[in-house]
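One chain, chain A, links the two complexes that follow: it is found with chain B in the first and with chain C in the second.
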Partner chain A sequence: MSATVSMRDALYEAPGPKTRKRVLVGTAISLVLLALGIAFVIRQFYINDQLNPKYWSFFGRWTTWRFLLKGLWGTIKVAATAGVIAMALGLLLMLGRISPNKLLSSACHVITEIFRSLPSLLLIYFFFLVIPKYGIRMPSFWMITIPVSLAASGVLAEVFRAGVNAVPKGQVEAAMSLGMTHGKITRKIVLPQALKIVIPSLVSQLVVVVKDTTVAYVVSYPDLMQNARVLISNYDALVSMYFVVAIIYIAINYATNQFSVYLAHRMGTQVVSRMDENPV
Partner chain B sequence: MSIQTSMPIISMRHVDKHFGQLHVLRDINLDVAKGEVVVLIGPSGSGKSTLCRTINRLETIDSGEILFEGKPLPQEGKELAAMRAEIGMVFQSFNLFAHKTILDNVTMGPVEVLHRPRKEAEAEAMELLDRVGVAAQAHKVPAQLSGGQQQRVAIARSLAMHPKAMLFDEPTSALDPEMINEVLDVMVELAGMGMTMVVVTHEMNFARRVSNRVVFMADGQIVEQNTPDEFFDHPKSERAKDFLDSIKGH
Partner chain C sequence: MGVSEVFAEFGDVYLQSLLSTWLMTAVCFAGGLALGILATVLRVSPIKPLRVAGDIYVQLFRNIPTVSLLVIFVYALPYLGLMLSYRTCLLACVILVVSSFASENFMSGINAIGAGQIEAARSIGLSFVQIIRLIVIPQSLRTTVLPMTNLLIATLLTTAMGSQVPLTPPELTGMVNYVNSRSVAGISAFVLSAICYAGTSVVIGFLGNKLDEKVRIVR
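Up next, the complex of A and B:
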């Protein structure tokens, strides 16, 4: 039932005849502007000789795509690993922060704030430039994955905490009145409900992780962006290559977002469909 | 027997509590005997819910002391949890665990706190659900039940812990009128079986019919307490007279 109600329907009153006319006119104007914009871009491409086949023909070769796909696989490996580490670390930081132990709680608060506010590039420089000076060597994969994980863990800790705060206080009070201890209440009552609430935000946060991996070139890790840069210098094809790579990133993140919409929908409708079986 | 009835199971001594500037409980002294049904009534904001919630320390107190079976309430940790396990509580908004089935709601305490085998806990839970008339809903989730059904499940969930006393914090205030009686019926039955009960309620008929004592509160104080018949027929204080007048006859 709720799945058919769009955000606009939920937030605004139904449009009347005048509004409908305005919306129609607005839509028409936007379409014209969009068409003009696309025409302008194509014209600029043409004027600057960017439509010249030499900039595009190498996309017809399998080797180009194989190299890009290798890079894409590198991106996916880093993003997936960093996503998993960040979720685990974020969960731990949040659990520490809500613990009744004041010392642990403030320590986790401080760590969360630090990771959350440091730019991931700065963390990457730290792992790339500072840590090796102390004789610790690690493969470039980890030099990109660890800093990206740390940066994301701070944000994810806050996402988890928002979920925990969204669980009604009465749930905790009921559990307390049964004699359950803090740890048990967290594990059995609060976390299962909090995770359900934050799954959509968690997945959209993964999009940020994917975008963060693009700085992998700093540590020369062969991700999609890095391999694209290699191809650019080989073929001297800056605009066309970035254009294609941008579309690939948009596709990945669109897919990720769709996945979160799917998850949210599934979790939201689960209760409704079960209700339909046996209406009260 | 006579010794048990003479020692109060719940005892509050000079209890004070503030919410910031607001003095919500003022020098509360209250004893509840084993098997006694005490009803707390009073205008909203009088502190009756807060008083009820201090008994299992869902609300802390600033000064004074609260004894359960003669022992002061533990302040924290496992000891506090163990004490809470012996006192049932029913909330205004039911507070059933939203992600669990009705059956799992009732077995949660026995399995997780009393460490009883799941099979055994489920068998007893089914009996309890049957007793409160919602056994047919055992495998649904709380959102699928009516308010009255949810509240009866909440009572069953408390009973599954075999509590020594039960607190009811406005158990029928969130219910549609036609569902109030089904919950009150269960509470009447409990009182008849000798359960010690502290009930915050606006149901004056219930108070008159079932309680052993009515405690009237206003502005954080216990203004007067008496047997229900005495209190309703011959209130002594002006506050109680005004309150009874204001809710009378419609």
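Up next, the complex of A and C:
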């Protein structure tokens, strides 16, 4: 067996005739069970009258999709803006953290940890419920975008730091021996390489940002989920709409994830997610 | 109102909500791990349809926003003949989402072992069950300590979705809403909840790091 064999297959020996027969029987049984499961779900839809065309036919109308696409555009606007802010803020937090200034470094460390350990919903409630009490009014777009970007910036700071750590120490030492300053080393040697390494991870973080934007209805911002809720009350078709919206979100996030895996594969790096970092 | 005044007035509810958040986190993490193990078994089984089903399961629940899943459980399932309490809906959603990430962690733990070890094990005559029990499971568990610690923290943060449905007692994020609708607490309620979340994460992270140092495999 070569090194390219996946662990999934390496676990089993090449099957003999008996095993092959058993696998075949297992395949048949599992296919039947899966088909039964799917049939059960469809039956539940059917006996509860959820397959009635009146719940699905409006998906054939352009106005439905135009309204959903308008919501999707809202989602994209929030996610893109939040992504850019989070990247800038995450980069600043990381640069502060690796700076030789002890005070700045620990301050940035603490801020990073706080943003990473708070649910984005709590931050949204802060901007939605708490800030207006102090007389500050902001449009709903920013009430969703700022908290989402704050939550993401903590994670991105750690992603950037993983990128910086991946740059070989010898290069920094060599630069120091040439008499370059910390700032110059960071700017000319470390950052260009670190940023390239983390590109796939940044793309995969977009998934988290998109997921966080789905609670935009809390601040009544018209994103995909919020517009779907409007359509639900218009057409009185709750089940079909919530399932279609879920599928749209899954498709977007799946595509984003696959794109990040593709980038990582092409660049020969790994995707760093929240799961791979140091917990605290 | 200052933090101390809020605490004096809502201290009891806060304590209940902290305990309820912890309990939900523990239940969801345990349930997520169990379901994640099941999904992983399917994904490495030699039976093709089960592998595909396991892969699809993980991709679905890894990519669906938790709110989207929660509204399906709370509002859509009753139309399909399944009525669950708000808390059950929340727990089920978080467990499904956590299980998909747990399975991904297990899979990368298994993939980190390397086919060479399995071949070596087979060449010294270990049976399939022995290989799984003596080589695959111990090593993949040890490599997944850190990712699972992060998953536990992520589970804690995901239970914040409980603020989107009525729960008694409310969990920590819902508390901000609860306190603010009963008094002019301003920032204090937020600060208290934030301290609870950050404190819990720090403790989980610290313990996870300690455990990881003990069991990590240096490759």
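What we mean here is this: the second predicted complex is superposed on the first by the 229 of 280 C-alpha atoms of A that agree within 3 Å, B and C clash if a C-alpha of one lies under 4 Å from a C-alpha of the other, contacts with A are read in each partner's own complex, and residues count from 1 in each chain.
Just so it is clear, contacts are C-beta pairs under 8 Å (C-beta built on N, C-alpha and C of every residue); 3 or more make two chains touch, one makes a residue touch a chain.
Just so you know, these numbers come straight off a predicted model, no measurement behind them.
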- Query: Now for A:Ile199: first (chain B), second (chain C), both, or neither, which partner does it touch?
  - Reply: neither
- Report for A:Tyr254: first if it touches chain B alone, second if chain C alone, otherwise both or neither. second
- Message: Looking at A:Glu173, would you say it contacts chain B, chain C, both, or neither? Reply first, second, both or neither.
- Response: first
- Message: A:Thr181 in the overlay: touching chain B, chain C, both, or neither? Say first, second, both or neither.
- Response: first
- Query: Touch check for A:Ile189: first (chain B), second (chain C), both, or neither?
  - Reply: first
- May I ask you to decide whether A:Leu92 touches chain B, chain C, both, or neither, giving the answer as first, second, both or neither? neither
- Query: Hey, is it chain B or chain C that touches more of chain A?
  - Reply: C
- Query: If you lay the two complexes on top of each other, which residues of chain A touch chain B in one and chain C in the other?
  - Reply: 274-275, 278, 280
- Message: If we count contacts the way the header does, which residues on chain B are in touch with chain A in the complex?
- Response: 56, 58, 77-78, 81-89, 91, 93-99, 108-109, 112-113, 140-141, 143-146, 149, 154, 157-158, 161
- Query: Quick one: in the complex, what on chain A touches chain B?
  - Reply: 168, 170-171, 173-181, 184, 188-189, 192-193, 196, 271, 274-275, 278, 280
- Message: Help me check something: in the complex, which residues belonging to chain A touch chain C?
- Response: 1, 3, 5-8, 10-13, 15, 23, 26-27, 30-31, 34, 44-45, 47-48, 50, 113-114, 116-122, 125-126, 129-130, 133-134, 207, 210-211, 214-215, 218, 225, 238-239, 242-243, 245-246, 249-250, 253-254, 257, 274-280
- Note on the structure: Touching chain A in the complex, chain C uses residues 43-44, 46-51, 53, 59-60, 62-69, 71-72, 75-76, 79-82, 101, 104-105, 110-111, 113-116, 118-119, 122, 128, 131-132, 136, 146-147, 149-151, 153-154, 157-158, 160-161, 163-164, 172-173, 176-177, 180, 184, 186-187, 189-190, 193-194, 197-198, 200-202, 204-206, 208-209
